[in-house]
Every structure is written in C-alpha cells, then in structure tokens.
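Below you'll find a set of structures to go through.
Each of the next two complexes has subunit A plus one other chain: subunit B in the first, subunit C in the second.
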Partner chain A sequence: MSEQLSADIVVIGSGIVGSLAARRLALQGASVLILEAGPRLNRGRVVAAFRNSPIKGNWMGAYPPSPWAPHPIYVPKDNGYLKQAGPYPYPAEYIRAVGGTTWHWAAMAWRLVPNDVRIKTLYGVGVDWPMTYEELDPWYQEAEELIGVAGAPDTGSPRSQPFPMEPVAEPWSMRRFCERLAPAYAVVANTVARNSRSYGGRPACVGNNSCQPICPVNAQYIGENAVAAAEAAGVRLIENAVVYRIEHDAQGRIAAVHYFDPDKGTHRVTGKTFILAANGIESPKLLLLSASDKYPNGLANGSDMVGRHLMDHPSSSITFYADEELWLGRGPQSPSSINTLRDGAFRSQHAPYRLDFTNISQVLSVTQDLIKEGVYGAEFDKQLRWRAAHQVSLKNVLEVLPDPDNRITLSSEKDAMGIPKPEAHYSIGDYTRRGADVSKADFTRIAELMGGTGLRYSADGQFANNQHITGTMSMGNDPKTSVVDGFGRTHDHENLFICSTGVMPTAATMNSTLTAIALALRTAEHILPKPADVHAAALNAEREASLS
Partner chain B sequence: MTNEIQQVVPHHDDPADPSRRRLLAGLLTAYTASLIPWALAQPAPHADRGAFTALSAILVGRQALDATQTARLYDALVADDAHFPADVQSLLTLINQRQIDPLQLQNVLDTEHSPLAPLPRKIVGAWYLGVVGSGEAARCIDYETALNAVAVADVLKPPTYAYGTYGRWANKPI
Partner chain C sequence: MKSMTGRPIPLLALICVLTSLYANAATTTDSANTEQLQRGQYLATAGDCVACHTAPGGKPFAGGLPVPTPIGTIFATNITPSKTAGIGNYTEQQFSDALRRGIRADGKQLYPAMPYTAYAQISDDDVQALYAWFMHGVNPFDTAPTPTRLPFPFNIRLSMAAWNLLFLDSKPFTPDPGQSAEWNRGAYLVRGLAHCSTCHTPRNLLMAEQSSRELAGGDVGTWHAPNITSDADSGIGGWSESDLIAYMKLGHAIGRAQAAGPMAEVVDNSLQHLTATDLQAIATYLKTVPAQHDPADTRAVDTWGAAFDELDSLRGVALPSDPNQMTGAQLYDAYCASCHQDRGQGSFDGGLPSLFHNTATGRTNTNNLVMVILDGISWPADGSGVHMPGFAQTLTDQQVATLGSYLLKHYGNPAAVISADQVKTLRAGGAPSHLVLLARLALIVILLVLVAIIVMLMRRRRRKALPAGP
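On to the complex of A and B.
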C-alpha cells in the first residue's frame, strides 16, 4: 500500500462542476483532494489530434479513451462501453480525463427560465425543483463570473446583476437570420462561456470555429481552466485514479473511497466529506457499484431512484439552402438561438424547446454530400462553394420529462479493469415527440423566411442527442422520490454530496452545465459557508481581476 | 481558382527531360488532354503515378496539382490496395476511349456495374477530404491543403485556425 491519502473533502471527478466546487472549498481553508479516473490532456495535442483525425465530423475523434477509464466511442465503431438496453438508443458522449467533458463543449451557459423549476405546479407535468429561480440567481451569478459568461439581456432568464461580458460579436450569418426572421421570431445571442474581451487571463475569441472539439486559444472556458483554478487554490488532484467503490461505516457515513491505478493497484482514500462529481452516468454507476450488506441496492439508493429519471435533450433538425450567401463557419460555432418557445401554457401539452442555429462550417458536410452524389470535375468546386455559402441548419432542443424507466444500470459486461459498464435504458416519450412535431412548423416557416430551397428535415421519430445528461441522481425534498436534497446532500449519507448535472430533477431546454455549476457552488457553500463579508470581498476581487 | 477548362494546349516544354514529358502526355488522348492540358508537361516518376496524376486532375477538375501532395495520396492509396495502380490505369483508359464527361462518370460506372465504380469516390475523397481509407483504417493525409479547404480559402479558414481578430466575422463575407 502506498501513502495514506486523506483530505477534509474528497471529490470524485475533475470536471468543470466538481473542480469549481473543490476550488471554492479549498479557498475556505479545507484540504481538498480530487480523484480523476482519466489522464491529463494537453490542449496543443488535442488540437493536433483533431487536425490529424480522419473523422473530423465526430468531436470525440480527438479524445481516445484510456484503457483504464473508458468512455463511450461510436465512430468509426461503437466501442461497446455504454451498453444499450433500448428501446431507443442513448448514445451519450462524455470524456473521462482531467477537466472532463467540457474539453469539447459549445460553451453554452444558459440559465433556466424561472418557470422551469415549477412545471408540476404550473403545467401538471414533470416535477418541481426544491428551490426557486430566485434562490438560484446569486449562484448563477457567481458561476458566470467564475467562468466568464457573455450574454444578451433578452434571453428570458431574469438576473439581478449584469453579465460579466457583452455578447460575443454576432456572425454575419446570424445577423441575417435576425433581420429576416423578425418580427416572427426573435433571434438572440447565445449565453456562452466564451470571451468577448480579455477575461480571467484568457483572450477574446478569434473565431477558430472549433469550439467543439477544442478551443485552441483558450477563449472558451473549459474544465481544464476549472482544474487549474482549483489547483491554484490548493486542491490536490490525482489523475488516473479510477474509483470503484465508496465505503461506508456502521452508521452509514462515508468513510473512504477505493481506486485502481492503471496497473490495478488498489488505494484507499479517507476523508470527512465526499463529493461525487463524476457526471450523470459514471456517478450513479459508482453508487450502484458500492452496494454492501447494509445497502444492497447501492449507496444513496434507499429510494431506488439512483440512475433513474435519465434525461437529455433530443433534437430534430432542418437543413436547407438560404437564398443568400451566409458562409457558416466564420466565428464561434454556436452563436444564436430563438428562446421564445422555452416556456408557455403549451407546456401542459408538449415539450418546450429552444431553437438553435449552428454556425459550424458546412464545408466538411457538403464535401461529403458531393462525394456521395458522385459530382466530379470542375463542377465539384463550384457546387462546394455554392453549398458552403448557402447551406444552413437549425435544430430544436427539446425538454424530456423525468421517467423512472429511463435509467442507468450496471451491465453484466465489464471493462478492462473488471468494473461493470453502465447500461442505458431509454425511450423518448410522447410529450417530447409532440414538441418535435410542433417545432417542424417553425422549421418550415424559418426556411420560408430565408428563401430556403432544398429543405431536408431529419427523419420523423429520429433524434440526435445533445449530451446533457441529467436526472439520474435527482434532487428533491422527499427522500422517497429523490436521491439528494436541495443542497446536493444524499438523503441516505450525511457526508456524501453530489455535484453534477445528474442532480437536476428536470432537463428544461438549456445546456445543463451552468446550472450544475451554480448548484455545485451552492452545495460547497452548504458544506463550508463563507462568512458573508469574505464572500462579498472575494466576489469583488474576482470582478476586479476579471477586468484586468 | 479557375473552373474553366482551357481548350488550347499551352506551349509547355521541358528540354531538360523530354522523356518524362512524353511519359505523362502518352497517357492522354486529345479528349482528356483537353480537360487537363497542363498535364502534358508534367513530369512523373513512373507511368502509374502519371496515370494517377492525370485521373486525379480530371476528377477534381484542376489545372494544377501539388506534386508532393499527389505523391503522398498516391502512396497511401496504393498501401491500401495493391490493385489501385492497375485500376487507375483502367479508369483513365476508359475515360480516354469513351470520352466520358466527369459529371457523368459515376452514373456510367454504376449503370454498367463496373468494378471500377468505387474508384472515383476514393480518389476524390482523398483529394477533397484529405482522408484515405475507411472505417478504422481511415487516416488523415491532408487537412489544410485538402481541396475542400483550398476551394473556400478566400472566405473560410479550416476549423481550429483563427479567423482573424475578434469580431471580424461580423462583416459580410464577400
């Protein structure tokens, strides 16, 4: 046995959420240790890996899994890590590495809209959150100032303080959407963790148009930045530490966690408080793996709710040719959305949605289309340029309601370390499908307003996934129907907290990361409160630092 | 970039090594020479590479192809398939003899159930995507110089390359 590892607070998972919780606790004077299953990555190497990848349409191409901490890969072929129990496929993507999945996010940092947390009361669907939007507001603000969020005022999410940054400059293509869709649709700048000026020691965006898979210039906040901030605050991180069991004592308190190193050597880490922050799939997997005589269904699972209520955001889409040259691919990949359909009385009938415009360069996809069509000779370049200039695409981001049958369980198959793989049980309900049907009329109307030709709708009943893994360790006031309380503390274990998108009891219509960070900061405050004056002074110092 | 095919064979000459010039020119007929007149003066280390150069130029509609890139793509394609050089010769011969318009080529090969039907896509994919091989055997040979990047280089940078200073994308593209 190597050194005896111990800390006041042990965090499992080094993603953006866990790392920012760890940082906050370390700044409060706690000794904090993060255990990360995957290796450290290097930004320059990721950029090179993408440029050298033969599958550039797949963002995971630059992130091969490590043998000891596999993550799902589907292209060029399914590596069989996330088992699919059906009936509908759930091909979730995430990254097990230091910094986690936000290595390749679009940096969308939306808040909820206020009614998202009350859909049971207001619309008779889903569940209410154990908190109000107003309670979340200061935590959103703290999160936004930490990661550097740029946004427009008219998003439907009220705020008591201004955004840290002005919206990122609008690409020409989005300006034309904005002008031509008005007044039928209001197109607004996305709320993003992307710099519109120097902020937090990082530069403004320079339009590399590769936010996913990787921002080469560090203009977009990612988990690596969160890890660096945590380490600067005194957090210790051990990479390649694959936690496979959480150990409790006779009273049901968590006593230690056990991890494998890549050579399968075992290590035990003790602590006073434990935070599980290993994403919405790996975290419930670990809770289920940690079953004992006292807790035969796994830890934190007295309610049998661990792994259940799996949600994400399915999307259907339309692709068409606008009647003017828009040349997607100039500027960031995800600049603008239509937010007006995220809430309304219709939520009692069908899923709300955000309409999301892509600004991803169309060059790769139209090249593939032309090759498929067998266009050769001088016509290829001509067609390539015309299509790359005119082709646009729009998708919905649909709410999925919590359904206990949608869940993550342990597969009978094991990974290379002998740890059971996660298995997804998933279906897309009628509420979401009705939302997709309704949004089709928006697709058509928007295409008309853009003089669209060659309209191509995604196939009915077919949805792309958005990797916003939510619900599997839902928060709630009732221990019978939820896994954690409103502060992220597991109902069953006094010193085990969860910081993850997985604690969100509903998925709403926005990318889940910012909400998970806000909830994690709130959890950190609950574990170790900051004195009020210290909190205010720290926030002010951060504001001043961000102006430098 | 020019999309127009020059109809006049230019007065290329390469007195240093006229045998090389004859080598590539000898692979073309009047019809294919009219598609790629520049190729008549191109040196090629051997007939197989010459045929690949000529066929590539016809398929991608170019009046010039970088010699190093040609060699790298050729080597990668041959590494995948030992019959590749012979297939290239066969397809070039077919186009030479039947004067097939590149735009009609795939249709002709598909209609006739030709064993050469997969070949144009392989070659065009190599040039435009910079990728040779498929599935797990696929590998990236070119990125910044893949022809799909070159074709739009006046408007777009290949993803991961900075477009310009902050906000330059707000302007009208062209």
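On to the complex of A and C.
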C-alpha cells in the first residue's frame, strides 16, 4: 500500500444519505473521506443503456453489478446475491455505485406524520422513536432545501417553513382522479425531490416518465448530485473500495476500516470518527462481518439487535379500466396519492397506509397482457390503444411493525471477493395483512368512482416489495433494544455513527429517504456542531443560490 | 456638452421639506418626484446598469463584478449612493460626465468597458432622472470593490483620453425628422441606453466599434453577439417585428432563436422589463438597420436543417468503452434527446426548442453552440425558469466537438465546423489577447521613432554647427 489513508471523518458508503452528511461535515472544516464499494456511473451512459435495453420494465438493467461489489438482480433471473431464508421473500433492490440506490427512485421525499414516532404510546404497537416530530422538523427543512423538494401542503405532515418549491404540474390523469374521487378521497400531489422549476442548478421536470430507472435531465435529485455537492465541499471519495472489516482498539473505539480494491489488494484507512452509511442491508452485514474476540456477535451488537427488525412497505394493488381516457405515462411516474389513511385510532388494530397512484405508461404491461391473451392483428392495435388509454392502477403502501425475527444475517455463501453474502429472513405479519384487507374496500370504492371495469386485485397474501429497507440498526434510548442512540451514535462504540434508513425504528407509511437524510444531518450536527449564525447564513445562501 | 439642469435633486428635496407643511403643494411635488424616480429606475433597467455593477450574489449596484477584457480584468465600481465607496458625492454634472464622457469625479478616465460611447446619446432629461434614482432610489452600500489594475500601458488612465479623441462621439442623440417618432425612440434606445452596439458591433484593433458596420456582430469573451442588422440571411431581416418583441420579452422566438449566455442576462435584467411601446420601437428601428451580409451565410441562419434521427445506428449496438469514440448519434441519444426529442424537433409547444430552424445551429460562427453545450442556459424567466444543463463537467472536448458537428450536420449549417481545439480554447475562457503586447510593442516603436527623430535632429544641428570647409 503506497498511501496512508486517514481523515477526521471516514464515511462508508456514498449514497444520498452518507454523502449529504459528509458534505455538511466538510463544510464545517473536517477532512472527510468517503469509501464507496461500487464504481462511478455516468448519467448519459445510463440513459443510453436504458434506451438501448429491450426490457424496458427492468429498472435495474442499466445498473449491472460490478464483480467486486455485487448487488441483487432479479431480471432476467435472480443472481443469488441476497439470499432468501423465508418464509416470505424480501427481494430488495439496491445499487452499489457512487451515489447509491437513488440513481433510480421515484424521488418520493415524504416526511413522517407526527404520530408515526409515538405508535407505542398512542396505539400500543411497535416502538416510539427517541425524538418528537417537532425535533425533526428543522432537519427535514434543511434536507428539503438541500435536495429541492416540491410538495403540496395538505399531506398530514406539518411544517414550520414553506416547501422550497411548488408541486410539480399535475398530469391529466391525476387531475381527473382528484376531481372524480372528491370528496370521498383527497388526492394530492406527492412530496418529491423533483424540480417544478429550476432549482439548485438543475432544470425542471420535462416529463420523460423514466424517473426509474433514470431521470435523464437531472430534474430529480439523486445520490450523484449529493456526491457532487460533497466533493465540491472538499470531501474526498475513493470508488471501488469494498470495506470488509471495521477495526476497533482495546477500548472499543473504532480505529480503522479495511477495504479491498477490485484486485483484492487490501488497504487500511484510519480516522477519528466513522460513519457507516452503506444502506440497511450492507451496513448490518459489515457490522456482523467485523466480529472480533472482544465483540463476538459483531460490532455495535451488544444488544443482538444488528440486522433485526427488518422492514419495508409491502404493497397490494388494484388494476382496472377507467371509463375515460387517462393515458398514464405523461409526467413523473408517481405524481399523486391519498394521505388521509396514514394515521388514526385504527392503528391499534391494523396497518395504516398511503394510497399511491401509478403514472407509468401502461403500453408495456397492456402489450404483454394482449400477447398472453392471444390477441393479434387489427384487434391488437385497437385493444392496445384502448387499454393503454384507460388502464390505471393504484397500490397501498402499508406499515409493517418491527419484528426481531425479520432480519439480515450473514449467509454461508460468499461473493467473488470472498465476503459472505447477506441473507434475509422475513415474514409479513397479521397487522399488515389486516391493513391490506381494509384497503381493499378503498380500492373497490375508487374503482367505482372512476367508472371502473375489469377490476383486478393483486392476489390475497401477495405483496410487492418497495425497497424501503428500514429497522436493521434501529435507534432508541435503551442500549438493550436498539443499536444507535437518537443521534445515530452506536451504543457500543463512541466514535461510530450510522446514517441510514436502517436506523429508523419504525417504517410508517412513507418512503424512507428524506427521513434518513434529516436524521443524518442531525447526526452530522451532533458530531460537529455548526455555530448558529453560520448555520443560518449557509441556509440563506443556499436558499438564494437555489433561486438563481 | 453642458447640462441644462443644474442640481435639481437637492433643490427638489429642499422644496419637499419646505412644502411638507402645505399638504397640497407637497403632494404635487412628491408625485413629480416619485414619477421622476420611477422613470430613472426604468431607464437604469433599460441601460442594464445592474448587469456589470452587481457581482454574483452581491448587493445591487455595489460593483465588484470582474469584467474580463482583452487588456485585463476590469472590476465594476460601486454606483450606489454610498459617500465612501460609491457615487454619493457626485454632482449631477459629475454623474453626467461619467455616464456620457467616461470621466469620473476626480477627472480621471473610465475604461470603455463602461459603455459611455453609447450612453453619450442619452438625453439631458434622462440623465437627470437617472441621477435622481441613483441618488434616492438605490440603497447605499459602503463596500469598496477590488480596484482595477491593468497592465502597462493601460494602467495610465490618460491613455484613454487619446482613445476618446479617436472614438468618442459625445453628441447626444438627435432625432431624424424624416423618421417616425417610434423609429426615433427605437434608435435612441438601441444606440444609447440599451447599448446594443457594445456587443453586437464588431470592434477594430483598438477595441473601438466599427461604426460603418453597426450591429454586424461582435465577440463578447467566449460568446458571439450575432449580426442583428436587417440582412435577411445573416441578420434579423427575415424576422417579423413580433418575433423580435417575443425574443426580447420571453428570451426566445419559436422557430428562430433563444437567448443564451450574456444575452439571456440582458433579457433577464433589462429587455423583458421594457414597456410594449419601447420594445415595439426597438423592433421598428432594428428592422431598418442597414443590412450587413456575411457571404458565408448562403441562406437565412434560422432556416437550416430538418427533423432527423440515426436511431438505427444505435439500437443493439454497445457503447464504446472510450467515451471519445462515441458517435454523434450516441451522444445525442444520451445527452440531448430527453429534452430536444428523438428527431431534434423539441416539444410540441416550442418550450423545449427545436434544434433545426434555430440560429444556434445555423451560424458559421459556432462558438455559441459550443458555449451552450458547455455552460447550458439558466435564467429565471417569469419564475418558471429557463434551464438547459451545461455539460462542461460531463463531456470531453472531443465529445463536444463530435456532438456539435453532428448537430450542425443534420440540424444546422453543414458547412460550419467545431473542432476539439476550439472547445478546449473556449472551455479555458477563450483565446488569449495580444492587445497588451501589441500596445507595448507599439510604444517601443513610437519610442524608437522618437529617438530616431531626436538623433536625426541632433545630427542635423551638429552638421549645421560644423564650420564650412575651406
């Protein structure tokens, strides 16, 4: 090894969460080094690869895993990276590359609703968070201004400052849903990290409708933007650095991390403070991998909670034909939803949910259906046009409760670098299943209001995965039942922090990224506080810059 | 030139104070005052003073913007009414002299980065309103911008006196009685406050505008300010007046051109705020500016190209691993098609411009096309924002050249070219200027000539002094 690598702060993982924490710390004057297992990607090449792919519905197609840092792939077949121990599959998708998984996301940047952090107290289920919603509010705001969030005010998440941007223009289909479902259901614009106007040096959405696998014009904030912001702030990033061990000293402080380069050369990086930000599956994997004589169960795992409480947002859905032409596929893929069922006294009985309308072009799925049905010739053209114009679909986004038996462990199988693969143990509990049952009545009612025909419900007991990996390194005040404290510091190691969706102790009903960013900014502040005036000035400068 | 107006503002202010006891009188004076201030503000907008006299993120009119010129970087001054850092101590006469003669209060010359050769056309009345607004309508800021330090010989500001002698026409605008009032208003604005010629008129070796080639096109740093004469091919001869007005108001004329670079700033800061009457007047005048034809323009620069794609060459073909080997079609597919669409046709409503029938691809001077690819376009435009991402960080010189050449070949003027060297130069901020060296050489030559003359004279005198031969 030619270079002794060292920094004040070493961050493992260059996703949107770790990069924004790194950026904030670098702006505070710390030397910050990010280690990223995957390679750098180029947006134009991802766009070209997507356009060139014959399998348009495969959002991972443009992100092939690198041999040294594999990630799960399921199309055309499971690459066997994320082992499934059952009983229910947990087919998470994520991307190991510079910028992380938000290379493809729908840019959903939801806040929690206030009661989400108190469900144990209020409803006797799950756990409470070690903080209030009000404490999170300023961190949400900082996160929203950084990544440029557009949203409508009435989603159940109060805020003390306005959104950085007005909502993105409503596609025709969503306007019709909004008009026809009122007053039974309030359909509102989603809260998204997508530009409704120029913001942060990026253009407004022009409606390519390919948010996943890639926003081709950079209207949607992704991890690549966070990495660029971090590097502009002075952060150094080493790509293709596969961390395989975290090393502690005799006192239990973290002394160094070790990584493989793609040729399996080993490198040791020392630092004063370490931040683990390698997502909700790879992070616990790394903690478990770093077991030592002093910590035989792995690092930060005195509680045996590392990897446990694995959660997601399972979804069931309905597809039907509306009685008017709606032509899904214009504008963003996920523009609007119903948010009134995210909280209520019923939470003591069944899972709350958000109802989310898809706006993905139906041409592909309708074509597949017609071919399956054996329709061809002129009738095919006619049917394709009619169905693509009329077919709509909505899904629920259900809360799951933390269950210690749902967990990530180390598989006995190893990847090409000789590192054990992660293994998912997962099941979907009755609380969630009851929520799905209840939501079925909403599906039916909404279909009726839209004059729906050909109603197709997803099979009972079948749920789609939403890639919102939460819970595996939960935060809490009690070191016996949680991995990190309310500021993301591991209970067991004074200088090891975790910034990840994995620290969220419950999953609530919203996509987890914005909350993880807000928590990470709060962690960064805890590690290296900003003087009050500097903080305000920096926020103001960002606000002004974003307007230009 | 002599101001007829003396010092009206302190006097007005005094009157205001004195008459404030008498409500009626005060109201009249106040409204006159308010009206003058409003007019001054409007004129300052038309003059786009803010463009140079405000640094990015800085206080309005507090100066500090570095203006790169061929003779070195000139820092714009603070023109707020600050008494320590700005022009708070200027009399109206001093203000007028700075504006129209390029002489600041201490008697020293301004550099003609300040467009006083154009502002010389401003009427006394308008100077008075501008003065009123700058003194009373602008917030004073006491921040002193970086002083301008040019290399020898330009650090001697007196050198500009000679330049002014040659190139400054200090006569205010005189209306042409043979033309309509509208035309005269347009001419007054274009030649004066709006100082269009500052960028759009080519300059000679000494950086003075070539008045015989008014608005025939000039270079502004790395950007090209195009020909806006009435020539049908090279200029705006084919544009309707409403096209011109749309361009000035919205920053684009669909199917013709859109503002980028410094011109987008002009629309943003200045033109879009002008009244419909003034925009009409400017359009009327521009349509009569004598045509200057560039023989390279064999057809109107906004009529080249057609919808085209090379999708067949892309599908099923792997991208080369060396980015510099990517074809124009591959680059277009990856970086352009998401907005400008598969065949370069833009969006149905023109909000995302078509790349054919667009001056951006129709000119033989291709600097602007390169600059737009590198820097993009970004300005607020009525709140919604006009934004094209820049690709300076994404594309190599070769990629920009390949892509640009592809655009020219299919959507634009196929005779135009872009080379990787050109991209490299523009990316670095443009070709270095030799003006400083030239000026120094010229001075040496003049010095040598002077020495030669002196030597000759001395010899002659000595010869005369010699006694005649026997």
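One rule holds in what follows: the second predicted complex is superposed on the first by the 548 of 548 C-alpha atoms of A that agree within 3 Å, B and C clash if a C-alpha of one lies under 4 Å from a C-alpha of the other, contacts with A are read in each partner's own complex, and residues count from 1 in each chain.
Here, contacts are C-beta pairs under 8 Å (C-beta built on N, C-alpha and C of every residue); 3 or more make two chains touch, one makes a residue touch a chain.
Not measured: the values here are computed from a predicted model.
Of the two partner chains, neither subunit B nor subunit C is touched by A:456. When the shared chain is aligned, no partner comes close enough to touch A:294: not subunit B, not subunit C.
Shared-chain residue A:264: touches no atom of subunit B or subunit C.
Within the superposed three-chain model, A:204 lies in touch with subunit B and with subunit C [touch as defined at top]. With both structures placed on the common chain, the touch criterion links A:172 to subunit B but leaves subunit C unconnected. Using the contact criterion defined above for the overlaid structures, shared-chain residue A:414 touches neither subunit B nor subunit C, since it reaches no partner. By the touch criterion defined above, A:44 reaches subunit C but does not reach subunit B. Shared-chain residue A:218: touches subunit C; no touch with subunit B.
Put subunit B and subunit C next to each other and count what each touches on subunit A; the higher total goes to B. In the superposition on chain A, subunit A positions 47, 51-52, 197, 204, 206, 208, 216-217 are in contact with subunit B in one complex as well as with subunit C in the other. Only residues 42-45, 47-49, 51-52, 197-199, 201-204, 206, 208, 216-218, 541, 544-545, 547-548 of subunit A touch subunit C when the two sit together in their complex. The touching residues of subunit C, when paired with subunit A in their complex, are 57, 314-317, 319, 323, 330-331, 333-335, 337-339, 347, 352, 378, 380, 383-389, 394. Against subunit B, the residues of subunit A that register as touching in their complex are 47, 50-56, 76-77, 169-172, 175, 196-197, 204-210, 214, 216-217, 325-327, 329-331, 361, 363-364, 367-368, 370-372, 374-382, 384-385, 388-389. Taken together, the subunit B residues at the contact with subunit A in this complex read 1, 3-5, 35, 58-61, 101-103, 105-107, 110, 120-121, 124-125, 128-129, 131, 133-136, 138-140, 143-144, 147-149, 151-152, 155-174.
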